[in-house]
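Everything below concerns the one structure shown next.
Naming follows writing order (A, B, C and D), and every chain is counted from residue 1.
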Amino acid sequence: MRLRRTLRVGLVGHGFMGKAHSNAWRQAPRFFQLPADVVLRTICGRNARALKKSATQFGWKKYATDWRAVVNDPEIDIIDITTPNDSHCEIALAAAAAGKAILCEKPLALNVTEAQRMTDAVRKARVVNMVCHNYRRLPALALAREMIAEGALGDRLFHYRARYAQDWIADPDFPLVWRLRSDTAGSGSLGDIGSHIIDLGRYLVGEFREVCALSETFVKRRRLAGHRKRRARVTVDDAVSVLGRFRNGALASLEATRFALGRRNGLTIEINGSGGSLVFDLEQLNRLQFYNMCDPEKGRGFRDIIVTESAHPYVGHWWPPGHLIGYEHSFVHTIADFVRAVAGQKNVAPNFADGLANQQVLAAIAESAQSKRWVRL
Amino acid sequence: MRLRRTLRVGLVGHGFMGKAHSNAWRQAPRFFQLPADVVLRTICGRNARALKKSATQFGWKKYATDWRAVVNDPEIDIIDITTPNDSHCEIALAAAAAGKAILCEKPLALNVTEAQRMTDAVRKARVVNMVCHNYRRLPALALAREMIAEGALGDRLFHYRARYAQDWIADPDFPLVWRLRSDTAGSGSLGDIGSHIIDLGRYLVGEFREVCALSETFVKRRRLAGHRKRRARVTVDDAVSVLGRFRNGALASLEATRFALGRRNGLTIEINGSGGSLVFDLEQLNRLQFYNMCDPEKGRGFRDIIVTESAHPYVGHWWPPGHLIGYEHSFVHTIADFVRAVAGQKNVAPNFADGLANQQVLAAIAESAQSKRWVRL
Amino acid sequence: MRLRRTLRVGLVGHGFMGKAHSNAWRQAPRFFQLPADVVLRTICGRNARALKKSATQFGWKKYATDWRAVVNDPEIDIIDITTPNDSHCEIALAAAAAGKAILCEKPLALNVTEAQRMTDAVRKARVVNMVCHNYRRLPALALAREMIAEGALGDRLFHYRARYAQDWIADPDFPLVWRLRSDTAGSGSLGDIGSHIIDLGRYLVGEFREVCALSETFVKRRRLAGHRKRRARVTVDDAVSVLGRFRNGALASLEATRFALGRRNGLTIEINGSGGSLVFDLEQLNRLQFYNMCDPEKGRGFRDIIVTESAHPYVGHWWPPGHLIGYEHSFVHTIADFVRAVAGQKNVAPNFADGLANQQVLAAIAESAQSKRWVRL
Amino acid sequence: MRLRRTLRVGLVGHGFMGKAHSNAWRQAPRFFQLPADVVLRTICGRNARALKKSATQFGWKKYATDWRAVVNDPEIDIIDITTPNDSHCEIALAAAAAGKAILCEKPLALNVTEAQRMTDAVRKARVVNMVCHNYRRLPALALAREMIAEGALGDRLFHYRARYAQDWIADPDFPLVWRLRSDTAGSGSLGDIGSHIIDLGRYLVGEFREVCALSETFVKRRRLAGHRKRRARVTVDDAVSVLGRFRNGALASLEATRFALGRRNGLTIEINGSGGSLVFDLEQLNRLQFYNMCDPEKGRGFRDIIVTESAHPYVGHWWPPGHLIGYEHSFVHTIADFVRAVAGQKNVAPNFADGLANQQVLAAIAESAQSKRWVRL
């Protein structure tokens, strides 16, 4: 008789993403039949006081302020990285060296060099690795992928149009947080939210061939966080727009911005193919619009599919049809699949190689915005 | 060789409906291939000064203040009645006696007795007659009828839910216009807008078998139009709600109100059958939502059909697909069909008998609201 | 120093609602600062095998097949009842006698007599009691209540229009489950989903004064669950429509149906007042539409409020603005408030008295549908 | 006493645009108080048989096959050009030379050189001139302009995002009509529909400073119209995507495509400023979405303004609030304003200089797509 394995998790970071991942680690075993038990072993952060509170609140057995100790703890099987982007590489390299399975928040790294090192490290260490592009596992987007694979959009894709629009820094008085500094964040809207629509482009359409971009920092200087008056330069982009082509000939039109008032978390996608179109909006995340040329002419129109049926990906594990799920469920699905991969020592997508490919597109976009030229991938 | 006939129209009334009908008389021959020429001969009203202006503005050759003269004018073939409800009967009886084809605004009459007399009169005179329930000829609703007839909703209808909500008298300072007095209007929201959803119920679902209603006058007294302070009692309903059953077993849930702020002209319909559902909203009049149980489970959802295709009723006469039409086009379609009927001496629906049936439902509803009992039709 | 209390929960029932409540008990302490610790002590059901699985899956320490033992277990502080409606009364009476705080699924009981006994029992026992009308604690509906209280709809409400439409038994081959039998469910769509819109009417508008109803069983006989051919009579309503008046003069138009194809879990509400209107749709549960007469004429329109701001009720405990929550979060909010009430020995709404009031409306509706007369409350 | 002037119109072209303009010439005087009478004098085309039919159908007194005769007819005051793009210049030059007021369909010309000559000619001849960018006079877009001018979006604009998507040639079997040949159309989606969103960008945001574009012809060869098998090369773009900057610092993201299935006539615009956002969709042309940062935090959301109030531009001339208008009304409004300009010998926008500016942007886009470089304006 085979023993059921227990996977013990060490989570680095306890901010917004730490909270979302903690929830997912707790919830995944409650809604999915996982092949291993999951233990929320240790949560790690720098501020001991706040961390202790997070540990209790989020349901972790222990907390620790030294990530190296966590990474090297033999009682830990999985390292989950949710810290700011500038520490992903170092932590991941150490975790790979320690033979841990690794889940890492997006974007994978600060730049291509780091991403390459990380990808090499997990390959060499043969550890299961995954980048947390959670939106792939929203039921509506997983359904979109299924439908495209099944030919619902025809044999040819023409357009991939994706926009990730937020508005949280449109106010010029918003302070200079870490996400607005290139040393900690790598880039601005590009890496933070642009990386999502690049990942979804690769997931739904294919590999990018070339890009041409424009980027802008609308508010050039901001006050330092915690200061009333001291101001410093914003060193990342507020918005970036991209034209591109995929290898399969489809055109890409991308945009990431934090200056679109009213778009609180507005990720919209439209894909047009020779047989139909799909439309998605993150602010209506349980829905997928589908236009099907096969419908009779008199009755054609975008279908508003509420993606809550048992026939739909992931969502049948939750509630009966018509009962909506939320944002955080995408993390639960991600972690359920990750646990399965770790338990079975199998590959899972998107992995670090995908994170690297994403980073290459990010770099090409940044280079194009800088040089005002097309950049080939 | 057959001579092409010319139909000369006399229009009684030059308010909102007079304007809408004038437009339809002018436009119908421009967009439809009609079997007869149409001449806007005489427009008739009480205020000569205003009328003269209307005649010029709306494109009528002559104007007259005596409707009897118009009705008996041998140079006129068609009488179009758009006056307040209390004059429909008298004018229609005279027009029938004079052998004119008659188009009459809804509701057909003040009450069932009048409606019966009018129906008898046109039958006896064998003149072509029509009630202007223009919404039947909105392409989306004509398509709904077609689809139901073709079985798109299955072999059984369960629910007809219709609501006509406006808000133009929600302000208690709005004056006591003719539509708020039972002597001129017969009833309030019931006859004015409720008659539309009754007509559409008969058009789309079938005959009513029984009704039970509640009506309310929220603002009991209003200032007289043209007065600052003098007030009088409102003698019609502000809102009416109705439960009912159709002869075919479907349930009806109806509501007419002028007290729904934000609903400027909000007629919404939902029909549920054993094979699917249809949804319509007059404030999006070029669209029809269709849920089709025959769609594969994974891809089911309300389809948002933009009803502007050449395969759709009426609309192909206007612009290419995707180019919207407006409210007044429903009148143009109505008059195009009426002209064809007159030219061919054929019946056309909804005719006065339909107007009578409608009035019977209105009367049953009013009686039920009064007696607080179910009333059988 | 005051000791932090631990509240130990016994959950009776482990079906759909058992799963939703289990989740809420686990999640509430993770997202809300609760004044007591919560322990998922014992889950109770009749089928030991299935129950054991549920206990593990849902996170309960123990399981038991005898609800009386659970109710009388001194190690348990709270009894949570999620069984079919016919057992609510007996369990609640025993729990009250044992001095437990009680959370009970809606509808409170099979009938008014039971509901009255339950209400008397909890009053006498002075135990904290609550009915789980979870939708009150959807952020959008809690916001609606706040806005109405603050006068956003003006000083007078005209219309409360609520419809709860589903389609899961529209297929005549769907079997005769417990929800379709009056002995186990009390009523059909009326008690199951109609009770929700009655509760929301009481929550948002006020007390009902009189009702008039129609009910229908479209499919009269169904095969027994687990049988291929044996059929029996459906003894509950498939659909019910209601006209009503509130004590404050507002009109009610209600409908509950399980025969509206495409409406998977379609609860829609519209409230019209003298200062504006509110619209809600459960299939878009993070949103609330608000029409405000105070907006300047040129810029008036229904505002599509995404109810995910920290200024909105409950939702700030979850994720940043624009990140949606799902159906189950309404239970988490309910249980968070219930825990606070139990910890503080305070009242919480809706309590059993509200459940009784709801049951009285249900009974009046059933009586009216039966007698075809208006029934006063 | 001043004599009322009569303006006699000669219309060149009787296709789709000829039909739309004819309607507008007929309707404008019926709904607007114009300072001059309008006579539909002569319609001009090449096919006498079809033209005769059009003349009758569209309401023209005469028809003529020689446009030079029409242009030089002393009985004609206004020349309205709706022919394919390759004839605009020649006709307009002749009309200017003959001293006629000129209304010309967009795009103004085949290229900048022609547009410049036309602009010079009307300036020299001092004739009233206008390009028919009809969408400026949709009430929703005219309202958008008003609101931006009044500061509703704040003191700074960040993003202008516009997409004109159609699908009428997505089918590879669609024939090679004149719009798909560069010799007759100049360009493809770029000039035909892209010119509209460029015009609206200039109308709503300001002048363009630089652009970078990508264009694609998805279907390279098509069968000749009227032939079954003979095929030839498509010499225009099927789709074009553009990044750009306005002089005021706003970013532009534009797209024109004829390959977006389900988008029958889908022009969507979103503008984000420091104080709010506006959203428009031509397939819902009576609506304008407005997000206002000045709304209280709890009640912020996109307002769905139904642009049918008397306080809104143009639309009060038609029907009461809530009664929708259609696509063709934009032409009626254009011609009403044009007639006023001609009667008063006043300037009107957009005039030929605007058409020239538009053509310069079109040329820059085409050049950029060709050279794969940014092009400055």
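We take it that a residue touches a chain if its C-beta (ideal position, glycine included) is under 8 Å from a C-beta of that chain, and two chains touch if they have at least 3 such contacts.
These numbers come from a predicted model, not from an experiment.
A.B. asks: Any idea whether A-B or B-D has more C-beta pairs in contact?
C.D. replies: B-D
A.B. asks: Using mean Cα positions as chain centres, tell me which chain lies farthest from chain C.
C.D. replies: Using the mean of the C-alpha atoms as each chain's centre, the farthest one from chain C is D.
A.B. asks: In whole angstrom, what separates the CA-based centres of chain B and chain D?
C.D. replies: Going by mean C-alpha positions, chain B sits 35 Å from chain D.
A.B. asks: Would you mind pulling out the distance in Å between where the CA atoms of chain A average out and where those of chain B do?
C.D. replies: Here the centre of chain B sits 54 Å away from the centre of chain A.
A.B. asks: For chain D, jot down the residues that touch at least 2 other chains.
C.D. replies: Expected reply: 263, 300-302, 306.
A.B. asks: Using the touch rule from the top, collect the residues of chain C that touch chain A in their complex.
C.D. replies: Contact set of chain C toward chain A: 16, 20, 22-23, 26, 30, 57-59, 166, 168, 263-266, 283-286, 306, 308, 318-329.
A.B. asks: So in the complex, which bits of chain D are touching chain C?
C.D. replies: These residues of chain D touch chain C: 143, 146-147, 152, 287-290, 292, 295, 297-306, 309, 311-312.
A.B. asks: Going by the contact rule set out above, which residues of chain C touch chain B in the complex?
C.D. replies: Against chain B, the touching part of chain C is residues 156, 158-159, 161, 163, 165, 167, 170, 212-214, 216, 218, 239, 241-245, 249, 251, 253, 255, 257, 259-263, 270, 272-277, 291, 293, 300-302, 372-374.
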